[in-house]
Amino acid sequence: MNSNTFQDQPGQEHSYRSGSLSATDVSVREQAVTHNIDCIEIGKALGSEALTVWVGDGSNFPGQQDFTRSFDRYLDSTASIYAALPDSWRMLLEHKMFEPAFYSTVISDWGSSLMAAQELGPKAQCLVDLGHHAPNVNIEQIVARLHRVGKLGGFHFNDSKYGDDDLDSGSINPHQLFLIFNELAEAQERSPETFNPAYMIDQSHNVTDPIESLLSSAEAIVSAFAKAALIDREALHAAQEANDPMLAFQALRAAYRVDVSPLVAMVRLEAGGAIDWLSAYRQSAWRERKARERKPVSLGAGIV
Amino acid sequence: MNSNTFQDQPGQEHSYRSGSLSATDVSVREQAVTHNIDCIEIGKALGSEALTVWVGDGSNFPGQQDFTRSFDRYLDSTASIYAALPDSWRMLLEHKMFEPAFYSTVISDWGSSLMAAQELGPKAQCLVDLGHHAPNVNIEQIVARLHRVGKLGGFHFNDSKYGDDDLDSGSINPHQLFLIFNELAEAQERSPETFNPAYMIDQSHNVTDPIESLLSSAEAIVSAFAKAALIDREALHAAQEANDPMLAFQALRAAYRVDVSPLVAMVRLEAGGAIDWLSAYRQSAWRERKARERKPVSLGAGIV
Amino acid sequence: MNSNTFQDQPGQEHSYRSGSLSATDVSVREQAVTHNIDCIEIGKALGSEALTVWVGDGSNFPGQQDFTRSFDRYLDSTASIYAALPDSWRMLLEHKMFEPAFYSTVISDWGSSLMAAQELGPKAQCLVDLGHHAPNVNIEQIVARLHRVGKLGGFHFNDSKYGDDDLDSGSINPHQLFLIFNELAEAQERSPETFNPAYMIDQSHNVTDPIESLLSSAEAIVSAFAKAALIDREALHAAQEANDPMLAFQALRAAYRVDVSPLVAMVRLEAGGAIDWLSAYRQSAWRERKARERKPVSLGAGIV
Amino acid sequence: MNSNTFQDQPGQEHSYRSGSLSATDVSVREQAVTHNIDCIEIGKALGSEALTVWVGDGSNFPGQQDFTRSFDRYLDSTASIYAALPDSWRMLLEHKMFEPAFYSTVISDWGSSLMAAQELGPKAQCLVDLGHHAPNVNIEQIVARLHRVGKLGGFHFNDSKYGDDDLDSGSINPHQLFLIFNELAEAQERSPETFNPAYMIDQSHNVTDPIESLLSSAEAIVSAFAKAALIDREALHAAQEANDPMLAFQALRAAYRVDVSPLVAMVRLEAGGAIDWLSAYRQSAWRERKARERKPVSLGAGIV
């Protein structure tokens, strides 16, 4: 369940133009909190067990916002949501460097996200969207850092070259995706009982059929997972301990090099899917058929 | 007192080629810990009250280093140093995105630095070097975040356009320096009793007389401080509360716009300095005189 | 006159989803060319003397587009527009690193823009939008490079911290704006007869009254111009020739430091404007009055 | 033959502290030109047919250098070198965004490099070092742009995550290397007679045996070449023409996915090399043997 309070909703009393969960106006904050609690209720009905909280709150001008008071208000609001969260649920805090705010954002990086998750309590964890970081940042190390303190909540998978580009997972930098899954394999080995990140795809498909992009992304993600599973982890750790960077690197590279597509295709087939997903999907004419079947639907107000 | 363990020292038994405080080899770690404790002893003799810990530890290859085990070893080593630290001292942890390691560094960002400082205890705080961040990062917000949890330990002032360029403070982006001092003014107002960051200049002067660069940097830093002190903070806060970004921004801009150089020059004069530091320094021929006076000095091994 | 062919227009036969001036489909390219020629005609009626050409053409996937064929098609289309351009007009080619395309854009940087302007002919020049560059890029040097070969066509002024943020000019990095105007002052001194860049503000005002943002931006731009005019250019050049970086830098800094706001305010007053533009504008209640007066207007199709 | 004039050489009359080929002092420029011409002479004796010109010239302070006069002096100097270049040779101009200069560099990007190569003449071409670009830049498109105008001279292969990290080729982003080779395959198909870039590895090996790093890099480069050769170029072009981004992308991805290591190993074996280069090299104990054999060598002054 996602509870974005960035875009104003029809029928909503207050605007989020000056912020939502961190707004100076208490009525705006209350509206945003209520919106999140409504989302929890809907999520219960749907069988969801996590609430992702991302806010577009931030500033476009130096001075526009007091960094500390904004953060305090954000924490005050999220604490109210946290209190309404069932014990079995997780609250996933999503950070983002910029956009829609272009000078500062309240939860801009994993440091701010971690700080908030720590203050909120054990149900609060951090969500890593691959496109929400500063240029050049080592995301796989952030994954390891968050897992180390039990705060790795989950992922928004996508790929990017410049900013929050929301391109298809693995289309720009499949090696980075592999390195992230290597950290997930490490994390699982280290904490088999508690390791349980939530995996989501969060992309924007502007030039492709979205179903095709999702199929392509799923294959990229599953392939990264399969390659990470192929790493000779014992050899890797031995090389790390022996300070042999070349052997350690080759342990990773040997797995990355493998063409796992036959394996992944076979798993897909056994699960009832297609060997050649693109041809199968195009031949099925599924999209055209669904487009004909689809009837206009009236959406309830306020649900994102 | 700085205790860099990046460069190997003459007479030193173990090399730091595979890391220092986070090395896999316990003898290397012990040597690095001892080096830091030696620095504390020297610092006591010199009247120092803080130990800055920066390590070049990291990796050049994916897989070379286990991110979590490296961090654990770093914490284990720093805990030993922390235990040897006098109660009145602070331990300043310095993060750096890259260099000399080019794929990952153990303390790469403020999130890792904060995590380490939190685990070590109240004497451990974070040191912000202005050139050690990813491109585009909002450093002034990091300053506010660290202060909020009592972990803003101090600064290495310098300026940069690309990476850890170590250029003269305020020479590339004087407005950013002003915004950082605005946060310091906020922090001081908020916590007048505890606010006490350590200010250092950490620059590399390749094309200028270092004394001139230090004079120029001091003027830039003091000017940023003076401009931040000129901000009508009441008007700023009122505009922030009223969600009036233009008024809030103009409150900052009105102060930034002021030419504080006469004020700063007068303060300098009253402190026994020169109005026109550059002319005064050049006319004094101080550097040439000192160069003639200087005798070779034998340095004790192991002191950085 | 701007002729963006990014967004599809009502009543338009072909979509620009797969590109406009560089599209593989000749009918799409022809439509985009015709749209530009229509813009020239409208511009003639309005007394315009320049056509700015920016295209959103690019790709979201490696392989989606052949870089060379796309560029050739772009040049073929722009050559047709160029042929329809009056001799007294200029064609301003605008580059942009990313967005709306997120893997590649046809005119992504000043190198591509220059290459196109050179092939098109003397009426074609390059337009520099301050927010369309890669992180850390030295924009003022690009300005100098383009002027050197007679291809500096003009500017889209704005400011940014992360990407094409379109924030108010000078709000994030006023010193960079000053350095750009320093290059313009150099260029004017070097080529007084031909120096004639087109100045435009291209910003997006999401949290302020757009009129206030324009007033604030105008002041920032004019102040940068005034400070650049104050530089002791003779002293600057002498220091450059003498390889005295500190003196050269101080020549710039001495001018940057000056509070030119009284001067700029006086010029504004003499031109019939207000000393304190923000108070005057707010007291005038101009915006509220105009909002009451405004009647719905029917826009002709296809005009951007 | 490389002719770096960055570091001062023993026995050299003038220092390059204030620049070399672009220095204000004509004697310094003449020394740097002579040094390059000496390199050409040595190159002739060695059978070289290309001179790579990289200069560290630039500035650390705004104002330190006049961008245009520096560039003019650089061109004046390189024109003298160009005149001494045999007709069969190429002059490869290498750009670099920053370091050792940290505010500006004379040949900072491919735009400046192209501008210089165009003014010098047909023997001058541009050299692309993979680590010398701004963050996020699309290097494969630059390769295509330079080839389009006959100015793609060659490469310095390496990999990087942050700046000019000089890591092992393909170790950080093997997919980018593949995309670059895809452009080279396109270029070769388009201009089979003239396509002839110079390939060099330019890396810095700090934590590995340099021979191992070179072997690893060679395998990464050859693998990228092999994968690019496997692309169904006809299908790729058809998908591009049909505006089918998913099919076009999958045409690239199908080739990237292939494990070419058996093929590359077989080619290596047939050329007299080893299937498993790392084991073979380590078992050979070549490095230890050579270290024992090596005698001190006296190098002639001034040769880089």
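Annotations
For clarity, chains are labelled A, B, C and D in written order, and residue numbers in each chain start from 1.
The working rule: a contact is a pair of C-beta atoms (placed from the backbone, for glycine too) under 8 Å apart; a residue touches a chain by one contact, two chains touch by 3 or more.
Keep in mind that this is a model prediction, so the values were computed, not measured.
Rotation angle for the C-alpha superposition of subunit C on subunit D: 180 degrees, rounded in steps of 5.
Pairs A-D and B-D differ in how many C-beta pairs touch across them, and the larger number is found at B-D. Distance between subunit A and subunit B, defined via averaged C-alpha coordinates, is recorded as 33 Å.
For the pair subunit B and subunit D, the distance between mean C-alpha positions equals 36 Å.
Residues of subunit B found to touch two or more other chains are 18, 59-62, 64, 97-98, 103, 135-136, 138, 161-162, 168, 171-172, 175, 207-208, 245-246, 249. Every residue of subunit A that touches subunit D in the complex is listed here, in rising order: 135-136, 138, 161-162, 168, 171-176, 207-209, 212-213, 216, 223, 245-247, 249-250, 256-259, 261, 278. By the touch criterion stated above, subunit D contacts subunit C in their complex at residues 18, 24-25, 59-69, 71, 97-98, 103-104, 108-112, 114-115, 133-138, 140-142, 144-145, 147-149, 175, 179, 182-183, 186, 190, 236-237, 239-243, 245-246, 248-249, 251-253. Remark: subunit B residues 17-18, 59-62, 64, 97-100, 102-103, 135, 160-163, 165-168, 171-172, 206-208 touch subunit D in the complex.
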